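In what follows, structures are represented as structure tokens.
Each of the next two complexes has chain A plus one other chain: chain B in the first, chain C in the second.
== the complex of A and B ==
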């Protein structure tokens, strides 16, 4: 990760030589030309499809526009509307609730499983488990949500049938306001925990085994060892997993869109669903942009807060 | 890459090994259960699809549901669209990330640090925040409702660039210096010395791109309005909308069909995929 190295392609010059002539040598010019050519696709792409659109979002959020008529300047009207529109407010609340539970659950499951997989077992078995937990990640969130819609059906779904075997009455997983959000979270966590799991497995492998041996000699065992040794050593990985997890969770779309379409009522409507609906279904591009800008601010704020908090809890070796 | 790193000190673990392994097996079954159910239900006749208990091995295996999928949606067209979009994005990302990663790792030029900072910062910008202006930019280029409109904006990849920069930084500098003393110019050094060594890193970028864009739903949903430009995930969800009651096996057969390439990538590209994800955490 270091930037301080000597550039690889500049000629080595003996110390005794006089200072190079002013102006770039032909070789330096060649390097610079090459750098320009190599960077052009990425930088132009990022400017056209990310930087300009960010500025565009902010500008657009100050206008009323439905694509057909000319844009009308709206000042802060779109933002005022956002803060009084109950659907938008509810969607921000839903998204935060979703984020808290989805990320907490995902990290907890991934951590426990990573610790368990790291215990003693045959190598082939370890790789079977690792592959199994990682597998849902390669599937599409949209098609998996289609599948889950059937599994969680109240009347003929397999989940309620299984619960029925142990005497639990059918649960309205997707049709009651209270259960729907929980179901969306479960489906999301089911697909996503493998990501944190892989990070944790990698992080655990980076902990030198001498640390554990020393702890065992000092008499630490089981849970105690995990809490006071493994977790602090794993904390940089935990930070990354939670930052990535939170950024992803704040952008949830496919699962609620396919499973519940935001319902019942607005119970599972998320911020990204609101952006999608107001821009591409109602053609209210200004309002949609205002919601987008607020989501961006929220993501930045949460991430910044997290890095601040982490200064106290993250230990680097 | 140690498999047995932590096993030495496990003589007094709180959980008996067999209990831990049994618990892991249950968790693995829960994780794979929905997928197993999907495959087995897709092989039942539509009439038997709702049977409870669901028989894991279908009593009368039938490919009727798969024929249903081909009757209802143009699977070949959707698969062709998905393949075209995904393959071009993967190749495009390998090229752009390889070139930019090399420039950031091994070339000297002005504004290197701020430009790299710009690339890193875009990793933080969610797609949904920029989608409205991106839609308008593509509209002004006449690229909405075309496959190109999905492909071109996906070429630059901040994460891929970062990954390839790390990859090139990890290569010995002496190789390039030796080539330079032999009279190689900067282009030859890249082309003949470093580029051939970058293949495994490029594979990671390609596999990650394939996995992400094969499954992508949000951008196609917004950009592709006419059915002939749909990709597989869009076709699947529309399949579900078309259906009345009683034939979930057809929907699930469609899901299985769309899973096949993703599973193939999982089998073939498991290692690069895992390394790509893990390095997201370890390198930062």
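== the complex of A and C ==
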């Protein structure tokens, strides 16, 4: 090919136009359609069972409604009522206290046990522990609470009977304002820590052995390895476990409802209990929805805060 | 970067989407609200009766359904046994059914819910009762007027009571024997009661609770308030009701009757209320009774039957329960609630309420009459799981197998103490009950905490009573 084939003077070209964006090919359109079809049931499920009820609750929170009569528009009256109702305010305080202690304890126990099970141990024994720790999670919280209520009964419970054998006076597990919340947290943590435990076991298995081996060669001790290697590399799992744990803890209902019915006084009354009582016992659906909306906002805020803080503390490999 | 200009084709497509969405929204908006009743097959033309599930097992349902069919073969009946842990849970589920558009025609309602249902949902039975007066004469002659009065609201009758339970005292004979105590006299006093508890405590081990009670509206603190001649809410009677009393009850029995109870001003800070709480707090402090939160009816039969509890308040329903738990007829007994300032006692009754939304009101009334018939109740209450509202059903024969020996106490609580009153249950009963339970727990923590807790209870009760249901 020679240059002579190129004209010396190029004909005047029109101003350059941006090339039209290439449309999706037939194959791409097929893939998109297929993806949409696969996602559709989930999207429909989320819309019907999550988005619609949330919107419905927000709307209902602006009305007075007792199921029997037609709803009456209330504006912000239900929210005003919520902020002046001492029971509701106490329940928010209780829920936050419950969340802090329950989640911290749950994560701590799960982490310690996961590290222990992940150590040198016969495979069959490891399986036994994994199953045992996870087992309470598959049981119904209400059934567990009924059983625990018997066990912790001050007058006839097995726990006090056992303590009595070693000379300890009966403990008012569920009847003292100080002890009741601690007992509810104990029962909750016993049931829930299995989930975090499984996450941690999975997370620990994902940490490459070479990193630990290299640290050993550098002379790191067991504790140093856990603090400098295990925990940082486990931080994404810790984040997931704490997010899920906090969301669950903020919605706690069955354990305090069955164990103490919110008592003594309001000592163990939680936000979801207040929602249930306002709506289904006192027929104040508008006020119950207002409390529900506030709980939703609280959960969103706490979760957002966690993700924000996680930028500092979570390390990805 | 994308092209900001839409092509004609795209514009047409989006336009079509928008028109479609608007059409759908318009259709949805103009549609009548869908309810559970729109589900095909849901409304099969039956008369639907909602009952408290645990109290109405399959046998009871069969008895009601088959018996009713023999009397009224033309009316199709469906018993909807709603599973619920207590009356407030049951009412919540019924209200949910009403909200869902699947309201039953009739609902089994106890004293706790009578005024709520009457005020908001119920149909007065007055016209039917007047119309079928001759047929009902035998029923009213057999049923104590106190029970009937507890089913009235503002002068009208809303239910025919079929069962009731007064808060009497059950005593474990084995524990009495161990304490070397005699069965108490019918006119025993609060001090006799305290003395008996102390004797029981002395003769038993550390795992023994002389007096076990459950913190609730029936049988909790309230019977002590009745005995101390006071109540949680100021009590009065609505005018009216003469149409019923004059037609069915002799002068002696209708004296002082009105158009149903009114529960109005809270009086938790009343000196006598405080006195009753102080008494219970002293029993707790002395280790003579269970704490309010510890009292739980679920394991009560177990601890009572094994001699770990000496005394507990319960109604006729417990005779059947203890028998089923294996207690022999002579191993327990029952006596009236002890006297304090008065020996006025407390009871709760139940019957069928007809809902305004029912389209089968005549048929429903026929069921109400059928359910209150003696032969129906004889078949329904075979196992002494309750106290029948009909006096004639309480016989030695009925209690021979289950006990107790003093079974006459059950109906005599009404007959010998005609001022015995129903549970204080205004339309705001759910919130009143919650306030009572909550503050009772706090009040009985110590004797010092009684007064402050009652002040808080008063404030919460005032708020609850001001609220419209």
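Everything below uses one rule, namely that the second predicted complex is superposed on the first by the 268 of 317 C-alpha atoms of A that agree within 3 Å, B and C clash if a C-alpha of one lies under 4 Å from a C-alpha of the other, contacts with A are read in each partner's own complex, and residues count from 1 in each chain.
Methods note: contacts are C-beta pairs under 8 Å (C-beta built on N, C-alpha and C of every residue); 3 or more make two chains touch, one makes a residue touch a chain.
Here the structure is a predicted model, which means the values were calculated and not measured.
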Which of chain B and chain C A:188 touches, first, second, both or neither: neither
Touched partner set for A:49, first chain B, second chain C, both or neither: first
Touching partner for A:63 - first (chain B), second (chain C), both, neither: neither
Partner chain(s) touched by A:209 [first = chain B, second = chain C, both, neither]: first
First, second, both or neither for A:280, with chain B first and chain C second: both
Residue contacts with chain A in the superposition, chain B compared against chain C: B
Touching partner for A:265 - first (chain B), second (chain C), both, neither: second
Which superposed partner A:98 touches (first chain B, second chain C, both, neither): neither
Touched partner set for A:31, first chain B, second chain C, both or neither: first
Intersection of chain A interface sets (partners chain B, chain C): 146, 149-150, 156, 161, 280
Of all residues in chain A, those that touch chain C in their complex: 18, 20-21, 66-69, 146, 149-150, 153-156, 161, 164, 172, 174-177, 180, 260-266, 277, 280-284
Residues of chain A defined as touching chain B within the complex: 1-3, 5-12, 27-28, 30-32, 34-39, 41-46, 48-54, 56-57, 60, 113, 116-121, 123, 125-126, 128-129, 131-144, 146-151, 156, 158, 161, 190, 195, 198-199, 201-207, 209, 212-213, 215-216, 221-223, 237, 240-241, 244, 247, 250-251, 253-254, 258, 272, 275-276, 279-280, 285, 288-289, 292-293, 295-296, 299-300, 303
Of all residues in chain B, those that touch chain A in their complex: 1-15, 17, 20-21, 23-24, 27-28, 31-32, 34-35, 37-38, 50, 52-54, 95-97, 99-100, 102-104, 106-110, 113, 115, 118-119, 122, 124-137, 152-153, 155-158, 161, 166, 169, 173, 176-177, 180, 185-187, 189-190, 211, 214-218, 221-222, 233, 236-237, 240, 248, 251-252, 254-255, 258-259, 262-263, 265-266, 270, 273-274, 277-278, 280-284
Residue ranges of chain C touching chain A (in the complex, touch as defined): 1-3, 88, 92, 95-96, 98-99, 120-121, 206-207, 209, 212, 290-294, 296, 298-299, 303, 308, 430-431, 434, 437-439, 441-442, 445, 453, 467, 469
